[in-house]
Amino acid sequence: MKKRGVGIGCTWYGTGYGNGFPDVSSAFLEIHDDGSATVLTGAIDVGQGSSTVYAQIVAEELGLKPEDITVVTGDTDVAPDSGTTAATRQTYNTGNAVLRAVRQAKGKLQAYAARTFSCTTPEGIELKDGYIGVKGDPSRRMPLGEMVSTARLQGERFISAESFTAQTTPVNMENGQGAPYWPYAFGCQAAEVEVDTETGIVRVLKIVAAHDVGKAINPTQVEGQIAGGVAQGLGYALLEQVELKEGKIQNPALSSYLIPTALDVPEIESIIIEETESSGPYGAKGLGEPAMLPVVAAVINAIDDAVGVRITSLPATPEKILAALAEKEPERR
Amino acid sequence: MDYFRPLSIEEALGLAQQPGRLFLAGGTDLSLHMREGRINPLGLIDLGKIAELKEIRLEGEWLEIGSMTTFYDLGQSDLIRKQAKALWQACQTMGSPQIRHQATIGGNLGNCSPAADGLPPLLALGAEVELVSARGRERVLLADLLKRTPLLESGTLIKGFLIPLQGWDSGFAKLGRRQALAIARLSTAFALKRQDGVALEVRAAFGAVGRRAFLSEPLAQSLSGRVLNESWLEDAVKGSQNAVAEALGSRASAPYKRVAVGGVVRQALKTMLGGGNHDGD
Amino acid sequence: MEIKLEVNRKHYILDVTEDERLLDVLRNRLGLTGTKEGCGEGECGACTVIMDGKTVNSCLVLAGQADGRRITTIEGVGSRRSPHPVQKALVEVGAVQCGFCTPGMVLSAKALLDQNPKPTDDEIAVGMSGNLCRCTGYDKILRAVRKASEEVAE
Amino acid sequence: MTQVIGNGSIREDAWGKVFGESKYPADFNRPDQIYGVVIRSTQAHARIRSINVDKARLPGVITILTAEDMVYNRHGVLFRDQPVLAEERVRMIGDPVAAIGAESLAAAKQAAALVEIDYEPLPAIFDPEEGMKPSALPLHPELFPDTNILYHLPIRRGNMDEGWTQAEVVVEREYSTQMVDHAFLQPEAVLAYIDERGHVVVQVATQYAHYDRGEIAHALGLKNSKVQVKTTTVGGAFGGREDISLQIIAAMMAWKTMRPVKFENTRNESFYSHSKRHPMKMYYKTGAAKDGRLVALEAKIIGDAGAYTSWSPNILRKAAVHATGPYEIPHVKIDSYAVYTNNPYTGAMRGFGAAQPVVAYESQMDLLAKELGISQVEIRMRNLLKVGSTTATGQVLTESVGAEACLKAVLPYLTGKEGRV
């Protein structure tokens, strides 16, 4: 018989290296005299899309389009160290470094532009839609490239180097007290599953995933991280296991170490929650890792809801489910 | 290693006279076994250019399937869907689209993995196998062939399969660890000849329980000549569980499979008898 | 041994070894590195190419088996000036992350739509089920194929 | 008002990826390159009596590297406790022992099969709870002379006696999670060469090029400025490309032979060469008051570090800090341990120690709700962290605490079984 159940999982995740370890990101930036810019960081885009986030940050600050920005990463001869692409830290940490860098160069440009436009303060200078000019006075503006180009002929360069360091403290090794991580990301996911009580097979029918990311700099990529995390979490909950025998891996192949296929991952509904994190770029904090956590619990809890058995060791294989059912209903044996 | 691309069966058989040469069908398993060093043939005889081996056709009272027919071609064939439903069903879920495009039904038998998806349906459908070699031709019931060791004498080519057309319904289901790219952990095919709500004759086949796919005669006997109703279905489920328990003996997978086969059999029978999918509460 | 291949509409006569795979021929002899090797056993689909209109895992095809066949690799599908609808949709929907599975995904989707321009959601999922992805959770990939199918059907 | 932030800008790299133009490390070649193969330990724990390479010196073999070829033979993200190539001991199956460089991959593989390694098996530990016993043989005596427990974090808050007194219901269970692999789709590969400046250049897919550069320079005895790590397109990582793998061996082979060197893992080699996720055993005892408020948690978490340290202390710290789940619990006693064994070494993987306790703390919540006769949603709503909450480590959360907002957002999909998710 096939029985359905629903379950939820709520999780939290402290981002960054944490525990007072120096968590530093750096960025170099240059604004070119045609109204484009290049930013260099050591932060490697491993597929999650960090480089696009940096292009967006620079574009946002300079009033340009992301495609006007070149992001150079991962070449140690040219880019500064920005730490590991890990710990859900690259949007927050390197994002902050890039934001600081672009604001530093932009500040110089604003000061230059303020003189040009006889504006009393650099803060009165706005960069928008490819133009630089006086806020609220459309008559006083010019294309950004033109301003940079003019400045260039007068020996002005708009380049910058900046770093950002996350704030944490080490925990006390006697009692664990301290502020080991900042910021924390939160997520909650709900799963609906169908359990076949004869075969123990679990089919996941739907996942709803809500994640607090502070601010979604790129919502499409946030959804991408959520869906990818859900798929990995489903693999962890139901399928994957490195089988060891006296320390030797028994299934070192993708035909025996099974990850989910397109038919194993259900429809995923992503919900983005934005509880601003004031220390993050535009209020953003990370999502990469947290995305895979709640689904694991949601599925285990949904199995219990469906057939009344509590699986306490991952993965929740059909064998474990049938064995648990048999224990619950001895007449099934 | 030598590599041959014969254009006819005769040429292929001639090439196979030399020792150490293997017939190459789709190659999805053979090429892997070679890379892993499990086999080291002196020569490969690629059957891919012999058009005659790729045909599906009705011939009198028989449905003939060439050994080099791919799972994809079988799964697309109206003839197979109408005349050999269980086989058609097995072809929809075997491997992945890429594998189905390449793997052949003859290779499935020649490789003879315990989990070969094509064999339980062919067994249930009462298929015969046509073998050819330099020694001549032979037609043998698949069920009998699967009892031979080794399965094939060297130099023997599987020419094709012949399925008798005697009005059998059939159904297939399998159990894998995931929904695609899943090696069958258990598969079953049932065939049934019925009249006025009575199961005149039944065949029941199982795969991935033991060394090779097999037909369960006692189960078939116990289900034949009875009215098709709920208790027949439950007896089929229970009988399958007994058959699988017996076949697996003390294997580690036995405690799970001997129970789980119930659900798989139920699924195969439902698709065969109609009535749609049943859902719980 | 000599084989004749048509790859991306170009004809080749190549001298290959008997145990060479189509994947090796494409990557090492023809320099077509868009075809990826992820597992070497036909499981992940990263090495997917289209052979005579049907997708195959090029890691499971011996060079000899490809003799006389027409092959399309990712290098033969679309271009920056004129991307295939599948490629365009994958980019626009945000279905590309690390990208290692992407060429295989494009070819599976293209072959599917060539054969069945208006697939159902289930047919799309089945059509893409021979390509593993570890980053995207498939969600956006399947949406992109749906989007491309709507464009193709127009 | 932001213009670019908050909209789904298209990623530039996506175009190169859909056309198959993006280059991953295996897609690079250089003229005259050598093909490398690593010979890995077949023993979980053994002393190496001898490595005999005489038979492996076949035609086409250019070089055979062992530990002696390294200027400094150790690497590691926290402690440099992992040999680049095995010294007197191997501690896991898959430990790199030697590397062959040859004119072709086939020649390298053929030669690799002819290297004779004489192992003297040593007693091995496969269960961390066995490894914790005082009688167990220490696997890293140079770091920890008398124990295999390389990290222990106690978290103490409140008063446990008081906590259990307040508890109306108590649920006590054991949970365990398995070892898993990152299974990124692109197996490790690297191309190393000496450029026109005489610098060592390493093209690789990594999560941290600057770390790789430092470890390579260190092992080769070079300055950082003479080593360039150029990151190619990365085919997924998920933590599995944090510990360095083939980079140092390839760089040393190029440095020694002055020829480009290419290594490309098969999927099988990939499984044996990179870290895994920590299996954890988790003993949980949780108490809640009648109204559903959590009052006490006692948890013991044991993580299998495998053969080397990698990130284990940080991972078990993360497990301990997150053991309460996103809930405020006044009385807490948590102990987490990382333990060496002779299993494959474990390190970073998406979730980094916070992925395992999820199973335990969220199962406990459902079980407590059942005991108390309240809903799974209710028990969570009563305990979720909010602005102003204090965590088990005494940290006060001052802003951006979206736990309740996340739960509330999924509620419309959770209105009982009729409503369905």
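General observations
As written, the chains take the letters A, B, C and D, and residue 1 is the first residue of each chain.
Methods note: a residue touches a chain if its C-beta (ideal position, glycine included) is under 8 Å from a C-beta of that chain, and two chains touch if they have at least 3 such contacts.
This one's a predicted model, so the numbers in the text were calculated from it and none came from an experiment.
Distance from per-chain Cα centroids to the pooled protein Cα centroid is smallest for D. Contact tally for C-D versus A-D: the pair with more C-beta pairs in contact is A-D.
With chains reduced to the mean position of their C-alpha atoms, the one farthest from chain D is B.
The centroid of the Cα atoms in chain C and the matching centroid in chain D are 32 Å apart. Computed centre separation for the pair chain B/chain D is 43 angstrom, with centres defined by C-alpha atoms.
Separating the CA-averaged centres of chain A and chain D is a span of 19 Å.
For the pair chain A and chain B, the distance between mean C-alpha positions equals 48 Å. Residues of chain D in contact with two or more other chains: 8, 10-11, 13, 183, 234-238, 267.
Residues of chain C in contact with two or more other chains: 38-41, 43-44, 94, 97-99, 126, 129, 131-135. The residues of chain B that reach two or more other chains are 179-181, listed in rising order.
Residues of chain C that touch chain D in their complex: 27, 32-41, 44, 46, 73-75, 77-80, 83, 86-87, 90-92, 94, 96-103, 106, 132-135. Across the interface of their complex, chain A is touched by residues 38-39, 41, 43-44, 93-95, 97-99, 125-126, 128-129, 131-142 of chain C. Across the interface of their complex, chain A is touched by residues 175, 177-183, 255-256, 259-260, 262-264, 266, 278-281 of chain B.
On the side of chain A, the complex with chain B involves touching residues 1-4, 194, 196-201, 203, 239, 255, 258, 260-264, 318-319, 322-323, 326, 332.
Chain C makes touch with chain B in their complex at residues 1, 18-19, 21, 40-43, 45, 48, 51, 54-57, 60-62, 64-65, 67-68, 108, 111-112, 126-127, 129-132.
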